[in-house]
């Protein structure tokens, strides 16, 4: 395919952690041309002057974000702006019939009331909330294919829902018993100056934060409730790991009476049989974040502990990969009719 | 107190991680003189030639472990040998009326059958199992004071039991609902060559291990069951953190119907009112391993999540401090009639 | 000594990395009472609410810095403010006959012209520049004892001058050949929000910075030139290590014709015979930052490489210890007539 | 090119750090098929059972190394065995007319006497020493193209020679003045159990090792001397960084009288004009190991410090990339007539 035949993609907010990861992946994507990159902070600078690992890649310079400047220069937009910052622009793009994948939480919640509760402001484009498709690829391929606006899932929800939805769908667990203990690398937070994110604050430390009130909680509950057909509350406890990338979640549930390990195996098999990015662990194997680093893969293991009657599922993803840019490009591939795995099959650099 | 009045303490297995930490703490203990240090690996060498951070401290050289060589040269022995290695020596020392604190699991389980199940061999001195006192200081001070042999608790059990026993004792939780999600630094494993403990294997990684079958599980269950008065099974999931020291445990339980946050507060207050090493967090605070690094402190926070009906307790200790050498010396202080905190009140080096 | 007999010390700028380290050390100092702690950022808050590792230590709350509020409440001031911020306050304190140790570079350079060149502004109190004593303890004990104002050396200069001055004083090296290759942990930079100091930017990375133009270069040159009796230029290359604390410097020089390894040994012996904080390595030993972490110690090794005619000296310090707060308190001890090592003889927590 | 047309490559010693990195790179190489993988430790196991990041890649299982088992199953062999272990096998392969790239130091030194001095044994196949080509790609492309046996350069020599050879070739520096201060990640050491490589020993530490006597010194001296036409001695000081991958070297030299920064610029320009893997930094930029992580790139910066008359060159590579497997595959590409960059143009995952 000649260069002028490639789809022109703009990455808006391209100098954040998930934005520059999207640029890195798309830099070697066979069917995409990066036509516009915006960055408030670095507008006017060459990408490689700021992110030298991209030296040698043919990229447009960072520019200021102006919706009118985007017009006609991109067929597809990845918006990597934080919550509330890009909402109006996304709405305009959709009106202009430009397909958009939004990395923020702006279009993930379907209920404007919940949005206001969680984010403290009225949603500026509530009409789009029901139009947007929640981009958890493995469970919404058909809708993603038809979508004009995909709300890319949060990193924690991705790690949790890949574990939970197969079980919910087969009614194998007590939904009210779900406890999600998650541990994330530091790039889950924004690339913005903050004392609590300094190296000396995070290094050799480990702590929980936002216990029981993290903004990803309503997002998870919405998706679980939708699959279940009724409201459910979960307990989500995030922790901060002294690593750059990766989320490992240990998820505890009570199985329904009679649920066997075979039932669980069958549920995962059914959900992920065709999924090239989900690796179900063999008995005795356990997920590790190093095995999915800088990739779009997810590792999943499950164990039914008979002694305590608890079902444990452990998942590992890269928060910038399957938890952000990787899944976004997987969705882009589906929306544009490409092979779902195009540009995404690299092997994790281990060690 | 002149030097010849100090209690002569031997540290056996002094070149392991917990052994050398005991040496470090005792090096500035006001009432103790380190009279014998043994190390299979470094016998014959000066301590500071191997562990240069101890240069300038007046210490005997490492020597081979021979029970007859210990005789008459130490009033008190800290045995930091691994499971099964030091059992017979400890039994002989106790027979010789030398007080011993054993860091291994050898004398923690009171039931020889459980010992055989867990460690795969018959216990060589089963008669001592009931004589040994489980050295969880905050809950067994009276017995420790009278003990000749203290089984120093495991690091994970210490982190978990400080959270659980106050609640069990007041019957505030459903014991069958306990889930312990623990994350430990690498010095929880022995200072022994192993590929899986190499820097490049642990760094930038995070994983669970020995899920549901870690050897600390029966130890926790024994102590919880003893406090409860009946057998209970728990689910314990350890993870390996890329940090040198520290354990943070997030512990989930269902409260008994009617349990309030005030009840929980009162339970912790009652258990730890006189405990100088336990810090109960204020509302909004959460434990961090950096705050207890290289100390004997424990941080505890609790939250009753009304939405899901779950009680969460989070604890942080240093696995080599309160989880091993620190608690051992706290116990030594009690056994020898010293101030419980002697030599242990240093402030954590943060950052 | 009863509490009311202790010297009342104020730490100004106490919430930075070197400030809070001074607080940590002084918290267990036998002859000092911390009477005032200032912090622009945290004024009004209890210290332990911000730095919980200090919970349980009896400390005054952080307060705003106002010179008039200090008056009469402190006998001695440690100023941990950055360059230019505390200069005027320090000058006022000295006028008020309060002894001061200043952690910044404000009073290190004796030449106001050099100050202007390096820091871009006229010195506001140039008269104090010649009055201030450069607090490299091991070389200026006599002047420090008499000083009212000590300029505490920079971390890199401390690491380098402890290696160089013994050799310069005995004329063993070609001063024009000095190359200083230094590697520092991240707490060498201020505790202030900055993208380049975020965990994800520093972790798994290593780089040089400010090559040949770091502000510590004139400071080192001043002290070397003073010892030598004539001007000398050196090459200083700092690098940023992904560790929290520690500086290791490898320093290369051409020895004078005829200089032997014995001459070098004798020079270090002569300079440090009475120095309890300097450890000269035995043959085959090399400095490691872990061995001096959270202490005031310095490790030094030297090698004369006959093949290339190069003398190499390697030093390790903790940038917050001997490179900042440790050395400051060593100087405070001297100024106040205490044992030089009071409060400073803790053993590094290794591992 | 259909699969059956691909070159069949065996990786011998494939479970070490550089071996498994070669497998990772070749897994997505367009013209290569991995036909044999040997591992003493893991013989009989599937690769993905040990290195799960390679799950999903079609690979043969690990097998025992037996030269007769290799015969007829590989057209090309990458030998990743340590020094002395693979020497005889390599000699046999060459006799059998199988092209080999050897990762060890076995065929790097051209002089058997130097080999004996450095490695303590007589070389078992001294006749091959002069036949082997030193695989520093950018300087030996023509010989590599014709070679049957390439001795892949050491990681430290690669980092140093890319800085030095351009300057030596143009006679811009005093060769006797070369000082190489290198800092390496831990995968520079073998993937073998060793206490000194445990996480808790390396983490939060930094130290020099093998100062002036590292085995890479004669290798560097040989190549510099060959370029210069006469013997030269250099000083090489390696340090161990707490990172998994990466080498940054700061190299100091005295320029010849009259050497200008333009001369230096021209020298690098001439040496690397056609080199897609060498990035010369712009003024103000400095190399960082993160920018070359998991790639075959090398970053180079140079500064002529007028004040001290010193030329400083800083280089960054990935010790497993350009320092081992990356360069090996670059050489393989040349030997097999492929595009030199085939399979090697991935962008570093940053952060």
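Think of it as A, B, C and D in the order they're written, each chain with its own count starting at 1.
Criterion: a contact is a pair of C-beta atoms (placed from the backbone, for glycine too) under 8 Å apart; a residue touches a chain by one contact, two chains touch by 3 or more.
Quick caveat, the model's predicted, so the values are computed rather than measured.
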Quiz prompt | Of B-D and B-C, pair with higher C-beta contact tally | solution = B-C
Quiz prompt | Label of the chain whose CA centroid is most distant from the centroid of chain C | solution = A
Self-check item: Where chain C and chain D are represented by their mean Cα positions, the distance between them in whole Å
Solution: 40
Self-check item: Euclidean distance of C-alpha centroids - chain B vs chain C, Å
Solution: 37
Quiz item: If you average the CA atoms of chain B and of chain D, how many Å lie between those two points?
Solution: 46
Exercise. Give me the residues of chain B that touch two or more other chains.
Key: 17, 187, 200-201, 203-204, 242-245, 288, 290, 293, 351
Quiz prompt | Of all residues in chain B, those that touch chain A in their complex | solution = 176, 178-179, 181, 183, 200-201, 203-209, 211-212, 233-235, 237, 239, 241-246, 248, 250, 252, 286-290, 293, 303, 305, 307-310, 312, 314, 316, 351
Practice problem: Mind listing the chain A positions that touch chain D in their complex? | Solution: 17, 20-21, 24, 27-28, 49, 51-57, 187, 203-204, 244-245, 276, 279, 285, 288, 290-295, 299, 345-351
Exercise. Could you pull out which chain C residues touch chain A in their complex?
Key: 17, 185-187, 191-195, 197-204, 242-244
